[in-house]
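Quick one: this structure, given as structure tokens, is what I'll be asking you about.
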Amino acid sequence: MNIPYTIEERPDTGLTNGKLGIWLFLASEVMLFGALFSTYIILRVGAPEWPHGELNVWLGMANTFILIGSSVTMVMAWASLKLNDWGKHRIYLLATVLLSAAFLVNKYFEYAAHWTKGELPDHSTFLAIYFTLTGLHGLHILGGIVVMLYFLGPGAGLYKKSPEQFTNRIEYTGLYWHFVDLVWIFLFPVLYLL
Amino acid sequence: MQTFLSMFPIQASTHAAEVDHMTILVHWLMLVLFIGWGFFFVFVLFRFRKGANPKASYTGAHGKFAKSTEVAVAVIEIGILIFYAIPAWATRVKAFPAESQAVVVRVVAEQFAWNVHYPGPDGKFGRTDIKLVSADNPLGLDRSDPNAKDDITTINQLNLPVDRPVLVHLSSKDVIHSFGLYEMRVKQDAIPGMTIPVWFIPNRVGEYEIACSQLCGLGHFRMRGFITIQNAADYQKWYDDQEKELRPATTTANP
Amino acid sequence: MHSDQESIRKTIKTYWMIGAALFVFTGITVAVNQVHLAVPLAITVALIIATTKGSMVASVFMHLSHERKWVYGALILTVIGFAILMLVPSLTINDSIGTPIHVEAPAAPHTGH
Amino acid sequence: MDKTGIHPGGEHAHIHVDSHGEHHEDLGFWRKYVFSVDHKVIGIQYAITALLFLMFGFTLMMIMRWQLAYPGRPIPLIGMWLGQDRAPMGVMLPEFYNQLGAMHGTIMVFLGVVPLAVGGFGNFVMPLQIGAPDMAFPKLNMMSYWVYFVGGVTMLVSFFQKGGAAQSGWTSYPPLAVIAPGQTLWLVGMVFLITSSLLGSVNFIVTIVQLRAKGLTWMRLPFFVWAQFVTSFLLLLAFPPLEAAGVLQLMDRLAGTSFFMPSGLVVSGKPMLIAGNGNPLLWQHLFWFLAHPEVYVLILPAMGIVGEVIANNTRKPLWGYKALVYSVSFLGFMSFIVWAHHMFMTGMGTTMSAFFQTTTMIISIPSVVILTALLLSLWGASIRFTTPMLFALAFLPMFGIGGLTGLPLGLAPSDIHLHDTYYVIGHFHYVVAPGTIFALFAGIYYWFPKATGRKMNEMLGAIHFWGSFICINIVFMPMFIQGLGGMNRRMYDGGMQYAHNKELLKYNIWIGMAAWTLGLFQLPFIVNFFSSIKWGALVDKNPWEATTLEWSAPSPPGHGNFLTEPIVYRGPYEYSVPGAPRDFTPTFEPEKA
């Protein structure tokens, strides 16, 4: 017995289950990061002074470029499927994985720089919130990588069986990925510049 | 009125009556609503049981009965808000007495005791520093500070004169406690990292208690302090005795 | 199906353009940051740019520019919730009658700033 | 087979009644009953687990009530087995009392009522009521159960760690929660429970939006489905902030950060070596941002169940269905802006306290509308006092008492005296215990036949009801008197040291007696529940002569639920339609049936 509207859209809502599902999931993610941003505001307003230039803006900017790039490749990976160009899709998806990996490596160097200076989360409110926010965001990146690797590897088989469903799944992955990118677009100025 | 009042602790501050009056008013509203609905409820259960009414009516109840009750409830609630609740709260958190007219005290909660700090005759609180905190100086009061010389500190004992406004600067050393004076209808959380002003006018000489009203650990249940409300003369006497005890203490305190 | 592919081909161009635009905006934010503005101004500028970038990602990459009403509905609720979460707690904390005590951290684990 | 959910096995499942909704394709025991993806099996798993947690949470409370009734007296029977660090010589220690309190609250709310009301009833009933073959994401559904299970186990295990379970109240206010033992596992457990709820709520919303049967328009949805729909949105949007807060508190405990820790803390005489500059009130905001919507998560499904049962047993449509739907939605929305009424005593200024008092008063209106509608539904009825109906009817005045006593709490000045007293305990227990718990009992008696193909025993049901009804009122009514008298909650010795409590202590003995008797009166239910699975009277599709879709499926429904594609022709509660052959006209019957 199978569930309706996993592949085709329900006429009156014009949505597949997965599409609505991923958006609702993102809604909850918005509230999750919202709470953390709210925390940031309250702690910053309450703090006697707030450090400036704690972080390496250039590394941060590099990571911003990387993530934006990965968003483009991700959307291209989906578009290529729409044009049933399997080869291009593989390339773009792989590119996305590589870029996100680069992001994490870069982040690791940033973290390491702090650790060597003995700057751990308990050092100051700023570092506490910095490590928490970026750490959580990093976990989201990691999750994205796992999913994409799945669609590059074992998950790819689905394309043979049901191209539409596979394309849908790549689209949902993309939605998630763009959201992670979007969060970073706010994290970058908030943590690195202000 | 009386039946309700008898349930409350005695009223030992000027605003206690106002607070109780509002509470009781709301309870009358609740009671009326509940009895009204209750009667209706019991009646329909009896009247429309299967035995009495084998065939149910498809349309059921008519009339604006529901609307009107709902509107009534809404209106009454708005009334209570505007004419009682909001103004009454404003007087609690806005209309503080001037430091000059009031008896000003610092109360610093800790697990599981109430540290009381009087400014002394100079009316100035001495400097405190957490580095100086020790068993016999729980407030970390720096006796070398001139303002601190005449400061009185007590533990779990708050003496206050009757009929004079009291302004308490409330804070906590460790976790959140709550400064609950049931007979005074006063309750205010003591939150570490901030001082919160509390004011009231005790109007009844007697012995009362400070009940910690926020879970603060194992000792929460025994975190009890005492308030003694005295007439002006007794209070002054107590105050002077405290000052006398202070003299030797201060000379030995700092080298 | 074919027309569908046509439209995709067209949108692909927009994807690349948006990507480029995002790069540029990122550059601008950093540049603005180099000329040290007054903090409030800097914050407004940075947040305006970030919001623009964010809405570009959302509307183009995430196809929010043309979505179904149920997605919009859910997102509107979320936006309201988000706004409440941003505003009300800070407002309430700032409306406190208490005054914060700022003590220099006692021998903090590592020397503070 | 096709997506309408027709399948050959259904027929067979229909005749051969068995208590678990048998499948035709024979997956092994594990796939079928343990790691099943069938919403009915998962719903039953949720329900049983939650009921066991309810029983456990109640047991904790019965132990607490002993200490409150007879402070310092050795606990009978189990006292000796509690161990030296909990109750030496059977006499309870304060730290153990605090553990019991915190865990009772946590277990009842997060492991008992919500999983039963949403995970249990939501999972089992909702897809049937909307004519869906299953939930939209069956695997996700299974995952959310097992994540919940892990969270529950974590909470239970936490009792056995060194220093015992969490002991800072279910509200876990820092700084206490950050320095007190037991909290870490509590936080970990909560993260699991929250994740489970989030997975669940996504699944519920998608299912309701996407998988409604042909002809099942929004205004034809059973009230219960509406309640579940709003509830899911509350969970979806209110839980993440607590998850964030949980992570932050974990950081404070494990990484030594000070999100919630201000500067200058001196704990037991020694300055704390932390960076400081945190804000304890921040936690309270994030916690109550969830926890107030959460209390409506506790009540809305209950209201839904009561609506279904009342419509069925009054044999007439619910009065003001539209008003009910709008009120529930409005209630859900408002519940996001009242939370700080739990925080009046933290030193709130006039503006914000005025705001929260007003929103709190406003939110009471939709509840009044809902209760009034349910009450008026009784007018002109032909009431059958079946066991589910008894519980559903009791819900009305009980919720009334609980709700009305919320009003003085919602007004800051009267809250000065009542905050943190037993008045609050009385208030919310009237809503959650004789309110929600009774509604859940009603639901169990009402849908048990659908789940098992057998009816529960009415006689035992009546005993269970009257016993519970009387006892539970003796338990909670005196708490209002104690509260008005100024007796604090969370008191290890019941507050016996305080002069103003002297008169009030005697009630603790009655309450204790009543609470233990209440426990005894659950035995008929437990017996009834398990024996009926085996020996209960056999029933067919529609034993209650009800109108909603779930009753068109076999009892128990087979895999895929419906034998023929369900189609909805009319509103949910077409009872006693003038000129109709019978006093009920199911939604799933074509015009000229």
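Just so it is clear, A, B, C and D label the chains in written order, and each chain counts residues from 1 on its own.
Here is the rule we go by: a residue touches a chain if its C-beta (ideal position, glycine included) is under 8 Å from a C-beta of that chain, and two chains touch if they have at least 3 such contacts.
This one's a predicted model, so the numbers in the text were calculated from it and none came from an experiment.
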Closest chain to the centre of mass proxy, which here is the mean CA position: D
From chain C, which chain is the farthest off, judged by mean CA positions? B
When the C-alpha atoms of chain A and chain C are each averaged to a single point, how far apart are the two points in Å? 14
If you average the CA atoms of chain A and of chain D, how far apart do the two points sit, in angstrom? 35
Rounded to a whole Å, what is the gap between the Cα centroids of chain A and chain B? 49
Go ahead and note the Å separation of the Cα centroids belonging to chain B and chain C. 43
Counting only residues that touch at least 2 other chains, which ones in chain A make the list? 13, 15, 20, 24, 27, 31, 34-35, 38, 42, 46, 48, 120, 122-124
Among the residues of chain D, which ones contact at least 2 other chains? 205, 209, 237-238, 241, 256, 262-264, 271, 274-279, 281-282, 286, 289, 346-350
Residues of chain B that touch two or more other chains sit at 93, 130-131, 191, 193-194, 196
Once the touch criterion is applied, which pairs of chains come out as touching? A-C, A-D, B-C, B-D, C-D
Going by the contact rule at the top, pick out the chain A residues touching chain D in the complex. 1-5, 10, 13, 15, 17, 20-21, 24-25, 27-29, 31-36, 38-39, 42-43, 46-48, 120-125, 128-129, 131-132, 136
Which residues, counting only chain D, touch chain C once they are in their complex? 205, 209, 233, 237-238, 241, 256, 262-264, 271-277, 279, 281-282, 285-286, 289, 336-337, 340, 343, 346-352
Flag every residue of chain D that touches chain A in the complex, lowest number first. 1, 3, 5, 7, 133-138, 198, 201-203, 205-206, 209-211, 236-241, 243-245, 247-248, 251, 255-259, 274-275, 277-279, 282, 286, 289, 559-560
In the complex, go through chain A and note every residue touching chain C. 13-15, 19-20, 23-24, 27, 30-31, 34-35, 37-38, 41-42, 45-46, 48-49, 51, 57, 61, 64-65, 68-69, 71-72, 74-76, 79, 82-83, 118-120, 122-124, 174-175, 178-179, 181-182, 185-186, 188-190, 193-194
Write out the stretch or stretches of chain C touching chain A in their complex. 4-5, 8-9, 11-12, 15-16, 18-19, 22-23, 26, 29-30, 33, 39, 42-43, 46-47, 49-50, 53-54, 57-58, 61-62, 68-71, 74-75, 77-78, 81-82, 85-86, 89-90, 93-94, 100, 102, 108-110, 112-113
